[in-house]
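Multiple structures follow.
The following pair of complexes shares a single chain, chain A, combined with chain B in the former and chain C in the latter.
Then we have the complex of A and B:
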């Protein structure tokens, strides 16, 4: 089969070296010069323009397919250097995939070299605000009058601002320390509780590119966790991930 | 692959991590592509359901139009 029948299209997961051996039945390598795109055939009944618009409103569908996208990239990353694409890159024709590889060869080749032999680790820091405030120790006086009540309200307000500033300092300091053990790193905006579903506040949402096999960054995260644990701040490491955070052209990051 | 003392990766792939990586990062295609989440607002309709967070949504939309 050369071209997809009209009921299907081509979903692009990412780009690898043309010489990469990926050994996966459901995936195809579309080579063009030194690069190859990893694609699979997907039904237009789900991935057509209008159909996908509907599916994207379906949280379960979106999560399932985002997970499948990640699963393919993880299997690729285990055997080859890979430049991950964002979810939802779909072409009607394989020829268009070849054109993509030709037209963006410079950028994609540079991205491939940037991540070769490296992995991405995630570090998130979570703050239990109550524990953190308690650890600060300066208990507020009980109000004994209306005036004292207003005083206390003002004190609480100032204190909340101070706590927020301190948590920000801790997150910035942690990111700087983690960067010293990384080739590159980025502190993405922390997510709100509505998205995390956790009681603790996310104060650091970092991603770091490190040499495969280099455990120094994970060690630093563990040290941070040990230092700040008693104050209610936990550091969690995830990965290794495919290098999602380190393949966009740098001036756009 | 490195062998960190961490849970297996499949257990780490929470919805949050998918948002941080698969949906929010990676090479973005535009142009002749039939569909790309980067140049189609539709995905933000889906993400509205997914994220249920006005602040996050605003950020995604401002990134998309940046």
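Then we have the complex of A and C:
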């Protein structure tokens, strides 16, 4: 007798305590020792190796499923400590999910303890460069000759570097201040305008791990916003996020 | 029927109310952070053309920022523990190795 070909696989979102109560119809908890993986059954017609390679280049599909992955983690994080997995952890057999939990128990348990009772907040700083430069107050005179034009170009260039350095200092100081109100924090690369679609330049893209219910970091971001707002720099808090930024093993160096 | 089972779980409370997250924020977290698990369906996020474009944009932002003089998070180990480039290179190396029959095919 030939076994029916498998048509589904198991998509793993992340790991919670084996004792976690998540009561969700479409999600299953696969327990192994103290840990449980949160999985759902997915069709191989979409999540098979070849199919996936194509779907991932379908912008709408990628957005829908990246958001779905995030949405599940958000909902889990609201009721339990959760270690988010990166998108695309897929197994054909549930047994292999158990093997994963067994083999990486140390790492996963450590990550779970690291984020327990904590949430991730994002803080971004946006610079309106024109307003910032205007606030600096050193307006340049209109050039009256070719030579003056060249001089002005040079001055503009120098000033651009100076402005950039000042924006960098503001972002660096802001990150240092925010870190004082966080358990951990990381400054990720700011997104370029092509991604943000905004006129302002992102100069800080920070992620911070804070105790759930601790308002201090958001308060500090609001204070920074108030301090720098008149100069065209706005601070924005996003989240709470599942702790994506704080589950990978810390760098050795 | 287009079935998409990668959906929000029925009985869980709704996601905490906040403005809908920017796609770039979601992709950065979901595709570039989190614990990396090599399941047995092989998926190499670096092979996503779309993502490669996006990652390139993320990386390109470093050059742009340098031009603007706001590359402050680069090369500051205290501020940046961004191992993106190394990880990407490692993955590429691993892929080349396995294509060449060297090294073990591990996560």
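We adopt the following convention: the second predicted complex is superposed on the first by the 246 of 253 C-alpha atoms of A that agree within 3 Å, B and C clash if a C-alpha of one lies under 4 Å from a C-alpha of the other, contacts with A are read in each partner's own complex, and residues count from 1 in each chain.
Everything that follows uses one rule, which is that contacts are C-beta pairs under 8 Å (C-beta built on N, C-alpha and C of every residue); 3 or more make two chains touch, one makes a residue touch a chain.
The shown structure was predicted, so the numbers you read here are calculated from the model rather than taken from an experiment.
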| item | value |
| --- | --- |
| Joint occupancy of chain A by chain B and chain C, clash or fit | clash |
| Which of chain B and chain C A:63 touches, first, second, both or neither | both |
| Touching partner for A:150 - first (chain B), second (chain C), both, neither | neither |
| Partner chain in contact with A:214 - chain B first, chain C second, else both or neither | first |
| Which of chain B and chain C A:169 touches, first, second, both or neither | second |
| Touching partner for A:41 - first (chain B), second (chain C), both, neither | second |
| Which partner, chain B or chain C, touches more chain A residues | C |
| Partner chain in contact with A:241 - chain B first, chain C second, else both or neither | both |
| First (chain B), second (chain C), both or neither touched by A:89 | both |
| Which superposed partner A:161 touches (first chain B, second chain C, both, neither) | second |
| Which superposed partner A:26 touches (first chain B, second chain C, both, neither) | second |
| Set of chain A residues, in rising order, touched by both chain B and chain C | 9, 12, 14-15, 47, 49, 52-53, 56-57, 59, 62-63, 66-67, 69-70, 74, 78, 83-92, 96, 100, 108, 111, 122, 188-189, 191-192, 194-196, 238-242, 244-245, 247-248 |
| Touch list for chain A against partner chain B, complex | 9, 12, 14-15, 47, 49, 52-53, 55-59, 62-63, 66-67, 69-70, 73-74, 77-78, 83-92, 96, 99-100, 108, 111, 119, 122, 188-189, 191-192, 194-196, 205, 207, 212-215, 218, 237-242, 244-245, 247-248 |
| Residues of chain A defined as touching chain C within the complex | 9, 11-12, 14-15, 22-27, 40-43, 46-49, 52-53, 56-57, 59, 62-72, 74-76, 78-79, 83-93, 96, 100, 107-108, 111, 122, 160-165, 167-169, 171-172, 175, 186-192, 194-196, 201, 203, 238-242, 244-245, 247-248, 250-251, 253 |
| Residue ranges of chain B touching chain A (in the complex, touch as defined) | 1-2, 4, 6, 9, 12-13, 15-29, 32-38, 40, 42-43, 45-47, 49-53, 55-56, 59 |
| Chain C residues within the chain A interface of the complex | 3-16, 18, 21-43, 45, 47-51, 54, 57-62, 64-65, 68-73, 76-77, 79-84 |
